[in-house]
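One structure is given here, and the rest of the page talks about it.
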Amino acid sequence: MSTTRIYTLTISCPDRAGIIAAVSGFIARHGGFIVEASYHTEQEAQRFFMRQEIRADSLPFDLPEFKTQFISLAKEFGMDWQISDSAQKKRLAILVSKQDHCINDLLHRWRSGELNVEIPCVISNHNDLCSFVEWHNIPFHHIDMSNKKVAFENIEQVFNSYHADVMVLARFMQIVPPDFCRRYPGQIINIHHSFLPSFVGAKPYHQAYLRGVKLIGATCHYVTDELDAGPIIEQDTVRIDHGDTVDDLVRYGRDIEKTVLSRGLRCHVEDRVMVCGNKTIVFR
Amino acid sequence: MSTTRIYTLTISCPDRAGIIAAVSGFIARHGGFIVEASYHTEQEAQRFFMRQEIRADSLPFDLPEFKTQFISLAKEFGMDWQISDSAQKKRLAILVSKQDHCINDLLHRWRSGELNVEIPCVISNHNDLCSFVEWHNIPFHHIDMSNKKVAFENIEQVFNSYHADVMVLARFMQIVPPDFCRRYPGQIINIHHSFLPSFVGAKPYHQAYLRGVKLIGATCHYVTDELDAGPIIEQDTVRIDHGDTVDDLVRYGRDIEKTVLSRGLRCHVEDRVMVCGNKTIVFR
Amino acid sequence: MSTTRIYTLTISCPDRAGIIAAVSGFIARHGGFIVEASYHTEQEAQRFFMRQEIRADSLPFDLPEFKTQFISLAKEFGMDWQISDSAQKKRLAILVSKQDHCINDLLHRWRSGELNVEIPCVISNHNDLCSFVEWHNIPFHHIDMSNKKVAFENIEQVFNSYHADVMVLARFMQIVPPDFCRRYPGQIINIHHSFLPSFVGAKPYHQAYLRGVKLIGATCHYVTDELDAGPIIEQDTVRIDHGDTVDDLVRYGRDIEKTVLSRGLRCHVEDRVMVCGNKTIVFR
Amino acid sequence: MSTTRIYTLTISCPDRAGIIAAVSGFIARHGGFIVEASYHTEQEAQRFFMRQEIRADSLPFDLPEFKTQFISLAKEFGMDWQISDSAQKKRLAILVSKQDHCINDLLHRWRSGELNVEIPCVISNHNDLCSFVEWHNIPFHHIDMSNKKVAFENIEQVFNSYHADVMVLARFMQIVPPDFCRRYPGQIINIHHSFLPSFVGAKPYHQAYLRGVKLIGATCHYVTDELDAGPIIEQDTVRIDHGDTVDDLVRYGRDIEKTVLSRGLRCHVEDRVMVCGNKTIVFR
């Protein structure tokens, strides 16, 4: 809820000495004031990751000019990099089915200002949540799922028409086609109702009940073309015991799901998540 | 650390009305004072489970007489039942390899009186922990593992020679042969260094690292003839992040392993764990 | 979300042998089927507490008849007791100020059927949440707080006019007058935004920040005439670190507050909470 | 358990633009390879804190030369700073009473190589732990507490005679005199058996039991001249319920105490803890 305008610079490149000095030197030469700085080396990949928040008003130029100035340094170190502007909010399309605990939680965080995004539309294969969504003055799009191919074409069209950046599967309960997933790498965020990699696929609470585990969990991850196997952003667990029925597990699970989804989403929105292979670096 | 002598009565039988009344009526008729009482119905199995702690000095008879008196009631309800005496400590044989964090924890709880058991012997396929064990005045038995068949015959012989009740695999790191497991149902307790059912088998921390999970865990379970698939007694998890190496996971894991093992073991020792199919009821 | 109608019998009385036998015997004689049973002895007070869920359809009489039949047994043991009917939902009046995270959470649990209560009205000293509450078809009452004495008379009148059972202070942010508290013992439930007894009173997150604690918490408790000192029903904590500002603490805190309030409230609604002195027994 | 030799540079100074650039520029100019880097600005104090791990073998000079080279930069920014060498292990004197769960845990971490320190001596006002300590080949010093003034002079003398750096009060159960505390700022680490600031002083588990809290905790902190009020390094909590006696709280508490102490101590030993006023920055 900070009102300071921030540029967030995220970089990954092959690891070597002098990267921090080069980047912070560049920023310092232009008078840039670093608010937050995080670094990580991924040992196996020998790859370096960094994230820096810079006060926008401390720099003498705007984002396009920053990019022009920074490009030669980026080339020298072989950087993958991007810079974002906190004044330019990310646009989240939320996809839901009938269960509303996650979207109820997300919309509350949005309307209270905690989640600093725009929500241009909600997409659903059911009409149950139409009234609730529209009370928030957010357009609600019903998609007929009888033909899955056509349905996902429609979803894609709605998503693009709103110039949205991210699809949030807030208990959407539909398997997204692999080719669709491949077109939006790092842009589709799902909440799976188990502690992955346990209990992939359908009815994870039922699977957990049958196995007799003593904790259940939830996992927020990027969607890839392999079901429930994408890079994990956030997870958490909650204790259960022998007295809990499957319905109790579902109930406890709802609380974990919405917490884990909102935490993971917040990190994504603040450009705190970087992907390396099938793993994430999450700078907090 | 209570000094009151307690009889612990555990019962399972087909569920129907009147079980609690019949059992508590029996106890009350003989003046028995119930200190703690727990009940559970396993819905799928339509089976009822109960555990009652009774003050030994409130009953007019000893355990053999209790058993004689109780038998007709037990037959009427088709009960599987047993009664134990807190004055008769369980005898734990601890099996270890080279890693000592679990046995260090267990022996401390034992020598401080927290874990109310006898530890008649420690068995290991290495000699590393001999001096530490013997400082506690506990016999240490080294078993040569070059021939696994002979080795497990030797383990069985040592176990039996000490009249031990329970084998605790405190990071024993050896796969117990299926037929051996079948001979000791509910008597072999293992600590597995993952949150089962994730990461069964070898090198679970390495598996967890490669998958990029955000929590790791440990599982205390009864050993059955299927590897890492027996009834789970206790589990817990701990948060990790992208900065943690496999060595860090191993280090965090040690703390979870010893906590989960000691909690699960305590429940077993106090007759709080009952098995139903491949699940446990744990009365706390 | 069970559809089975349940009678819940809660009893406290001086501890002695035979109480469980007497009560379960009474239930069994009438064919009653016990679904869940919990017992506890409070050692200092030498007082026994029990809670039993009985399937309504297994008994041959209704609640008034149960009460008539049970009374002689209750007198014999000197019992404080009550029995409730799951078909008779508790009526919660929710009191709020401007912050809406708790009421947003509670109303979602209510409209999804998770929280099995009636919410006859919402009372607030601000109008901010009027539209949100009325979208749920729940009457919204604005109370002017300029004269506190008159304000609490108005609150009491609204509360009584709806025949509500419980007042839920869902971040009401007003100190309730002591005499008002004394008139509603065990009927006013508050969520305090600290891990009591730390940080009583105003601005607990600010207090926590200044002290440099590494965890913050929330406490759900019954309101008594001493500020933030009533019997605690539920608490939880969350980890923070040096990088978190007071605003971050407030944000983390919101998630803990709503979780702790909803858990505590659920226990109260299901008659799982019994008070002994300034402590609670919470049967789960 | 890394075998790479590391220099750890910790700095605090007034906040301004260019600090990271200046320090990382200095390191880069000398070919230094930064392994881990952490930054924090304490807003109220307008003070900047940083910690950097540098591979020793990447620098062309030793520590004395580093200090000479770095001094002008340090002056320019008004830095409080220090640099330590992982090859130079910190020397911990452990002070205990009769309770051994913390020292048992610490000595295990030490002998397994997890805690990378030297433990030149153990000091106690009882002889109970003499044999256990001496089994580790660590000198054990008994101090008579009948005259507290003399006793603390003796402690100081033993501490100094071993050239120890840190005193670890591992359930020492004696109040350290204020003037003694003032002579060793940031060098005395205590584990308090409550979640501070709740339950300062004696018998915190008893206090917690009487208050009826639903979680208990432990706090690792630097000792200052005000009892239990020094800067907090680490805390944690564990769930209890109405069924737990004071003895149960003590038992649960032991597990939290040793975990919290070992975590806090590890951070201190790795120069991850910096003090600002009465708060700590803990770089993980």
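All chains are identified by letter, namely A, B, C and D, in their written order; residue positions are counted from 1 within each chain.
Following the convention adopted for this analysis, a residue touches a chain if its C-beta (ideal position, glycine included) is under 8 Å from a C-beta of that chain, and two chains touch if they have at least 3 such contacts.
All figures in this text were calculated on a predicted structure; none of them were measured in a lab.
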{"item": "Label of the chain whose CA centroid is most distant from the centroid of chain A", "value": "B"}
{"item": "Contact-richer chain pair (by C-beta pairs counted) among C-D and A-C", "value": "C-D"}
{"item": "Centre-to-centre distance between chain C and chain A (centres being mean Cα positions), rounded to whole Å", "value": "36"}
{"item": "Cα-centroid distance, chain C relative to chain D, in whole angstrom", "value": "41"}
{"item": "Where chain B touches two or more other chains at once, by residue number", "value": "36, 243, 284"}
{"item": "Residue ranges of chain B touching chain C (in the complex, touch as defined)", "value": "17-18, 20-22, 24-25, 27-29, 31-37, 39, 41, 58"}
{"item": "Sites on chain A touched by chain B in the complex", "value": "40, 42-43, 195-199, 211-215, 217, 231-237, 241-243, 245, 278-282, 284"}
{"item": "Chain B contact footprint on chain D (complex, rising order)", "value": "1-2, 36, 100-101, 104, 108, 112, 114, 135, 243, 247, 251, 254-255, 259, 284"}
